[in-house]
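Look for chain A in each of the two complexes below; its partner is chain B in the first and chain C in the second.
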Partner chain A sequence: MTIMTRFAGLALAGLMIAGPVAAQDAVADAIKARQSQMRLYAFNLGQLGAMAKGAIEYNADQASAAAGNLALLSTLNAGAMWVPGSDSMSVSNTRALPELWDNMADVGAKAQALAAATAAMNDAAGNGLEALQAAMGPLGGACGACHKAYRAPE
Partner chain B sequence: MTPRPERSKWRRLLIPFGGLCLAGFAAFWGLTMPQRLDADALAGMDGDPARGERVFHLGGCAACHAAPSAEGDARLVLAGGMAFPSPFGTFRAPNISPDPDHGIGGWSAYDLVNAMRYGTAPDGRHYYPAFPYTSYIRASTADIVDLKAFLDTLPPSATPSAPHEVGFPFNIRRGLGLWKLLFLNEDPAFTGDPSDQARRGQALAEGLGHCGECHTPRGALGQTLEDAWLQGAPHPSGKGKIPALAGLDWSAADIAAYLKTGFTPEFDTAGAEMAEVIQNLAQLPDEDRAAIAAYIKALPAP
Partner chain C sequence: MTIMTRFAGLALAGLMIAGPVAAQDAVADAIKARQSQMRLYAFNLGQLGAMAKGAIEYNADQASAAAGNLALLSTLNAGAMWVPGSDSMSVSNTRALPELWDNMADVGAKAQALAAATAAMNDAAGNGLEALQAAMGPLGGACGACHKAYRAPE
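Up next, the complex of A and B:
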């Protein structure tokens, strides 16, 4: 056996071990990334929601900034964050149901509806408290549409 | 000729035994009689479809009776078909659209009151309590008459109702009469003395809103355990849990906002069945959600 074939054999063995590990890392990273995106949604929604509920005073600039962030977040291309194998049946640290991967066309439609709802909020948020409050319900509905269909209960 | 002694002995035993069986059967039959409202209870009542729409959203009819995963206008087609797995078998929501053959288009308002309040079908059969008449029994007759007027305005569907998949002995519907004797009553579940607003919320939440059907744990016979009222329960799918409402540390404003938008105080959103509930409750006037929130805050923490 030449040095070269021995090296190739070792490399192959290495790949066979590293392969699944790399895939697991990719899944964990993707889950971390999409959960971070959700955290950013929650933070910016929190600004708007506190005003809508009267917990803090309405501020048009602050509301517009938060709504602008939501609009940007909802137009990120998040495709790579939803890798196959990152569902709740395959790994334990996600509530994303496997059905999500079976219904990508519907998921895309729901993502579009969310982008429309954040755009409507972006138009409304700077125009006074009532406009902001009126846009909260449809935005919540757009978030909930995906969670209703594709997220397991806690 | 004299009869053989053993035979007459058997006959002597057989007559009382047969009598006992008959008496037992008569008692079972009597105890399991379907309950109905007095026939003249609806005299002079006229259903108002506009008021009935509010009852429809509060009762969450579409949540179970719309076709599975229906959205938008399709949620108003109450074709049924959704499956409800349980320890007793799998129940399937029937067609309650106004179709005269496959739905309930042929029903009177009186039929709907008996179904919703007593779990009694027009032909006298008992419904399984997967249909939450244990909560709806607290609804007013007038609300249900209004609801019938609204249901009649919805589009009909000719989808036949799918049968339940329930094994012996639960497939003997007459036996449900005994279950109802034990567990069906219209007493309030929460017996505290809250504010007027919370009391209004109690009527909404314990009656048509039927919060207790999921948020209260169940006993071995599938009955809700009233001494653990709204204290949370395992999810019937076997995975995850349904949160407690009693002792919830959100403010009343948080709860009311959640019931409208689905946003929790941390700005997560409701998912699964609760997302559906919020789609319905979001249609109610603000004061109804505020009343439900006041009721939840009045519940004693476990």
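Up next, the complex of A and C:
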């Protein structure tokens, strides 16, 4: 493969990077990326929550799809999205407290707990409304544990 | 588990759904969710593209993390994000052409091709800059194939 075809591929992918990315842009991109991950969590969790509450009818296929997505999302490698300097004391467009970066072992443990809770939901969601509802509390708790410790109030 | 603790879990997860979600809100949420997936693609692809171009130094661990994320993202169940009525003729905040919904078999084939390209990148990215560069063209091509067919120009 020639350099030209490699760069044609880059252009197709829309990667018009004109030299080293400024650190400020890198921080902004990282924040937007993790907020995108959070939005995808919320979108899929929202479907399960609506079923759990009876706001929409339980559907095993839809529940399984949403739960499977949560399980995948919780296994994304998040390192690049949580760059130093992207905390709420350093920049204005995030609620991520600087304490997060001081407690990475705890953050990792909470991420593992979330992955365990999404896996449990993934096992449960297709097995009826009761099973879904039973998995909802631990999953909400795993989300909330990190938010409570490391997210500033709105 | 009681109803109360189930709902405590929902509250922790921030799911304050007060009855059936309006169809318009559901469309808006679906569009934001798929745009979030696209942003996560771009974030991870951007790191690989910057290495491929030499804008940042090749790093096998970082490349593998980004490529692994692309592979995961391409296996998300996208059904709920591409709801009918969320095309560019029906709503203003999307570039997804209505033709997409008329060609779901082709869209599915293109999604499979993207998953194959991200899997190939995932195999290659940690094996040196040349391997990463060689996987970049097919991956960019897989992204571009869907954009070219089903995304309106900006």
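Quick notes on this one:
The criterion applied here is as follows: the second predicted complex is superposed on the first by the 133 of 154 C-alpha atoms of A that agree within 3 Å, B and C clash if a C-alpha of one lies under 4 Å from a C-alpha of the other, contacts with A are read in each partner's own complex, and residues count from 1 in each chain.
Please note the rule applied: a residue touches a chain if its C-beta (ideal position, glycine included) is under 8 Å from a C-beta of that chain, and two chains touch if they have at least 3 such contacts.
Source: prediction; values computed, not measured.
Look at A:L40: by the touch rule set out above, it reaches chain C but stays clear of chain B. In the superposed pair of complexes, A:A134 makes contact with chain C only, with no contact to chain B. Looking at the shared chain after the overlay, A:V91 reaches neither chain B nor chain C.
By the touch criterion defined above, A:C143 reaches both chain B and chain C. Once the two complexes are laid over each other on the shared chain, residue contacts for A:G49 go to chain B and to chain C alike. Taking chain A as the reference, the larger set of touched residues comes from C, when chain B and chain C are compared. Of the two partner chains, chain B is the only one touched by A:R151; chain C is not. Of the two partner chains, chain C is the only one touched by A:Q62; chain B is not. Common to the chain B-facing and chain C-facing surfaces of chain A are residues 42-43, 45-46, 49, 52-53, 55, 136-137, 139-141, 143-144, 147. Looking at the complex, you find that chain B touches chain A at residues 69, 71, 235, 237, 239-243, 253-254, 257, 260-263, 266-273, 275-276, 278-279, 282. Partner chain B is touched in their complex by these residues of chain A: 38, 41-43, 45-46, 49, 52-55, 95, 136-137, 139-141, 143-145, 147-149, 151-154.
Across the complex, chain C meets chain A through its residues 1, 5-15, 17, 19-21, 29-30, 32-33, 35-37, 39-40, 42-47, 49-50, 52-53, 55-56, 62, 65-66, 68-69, 72-73, 75-77, 79-81, 133-134, 136-141, 143-144, 147.
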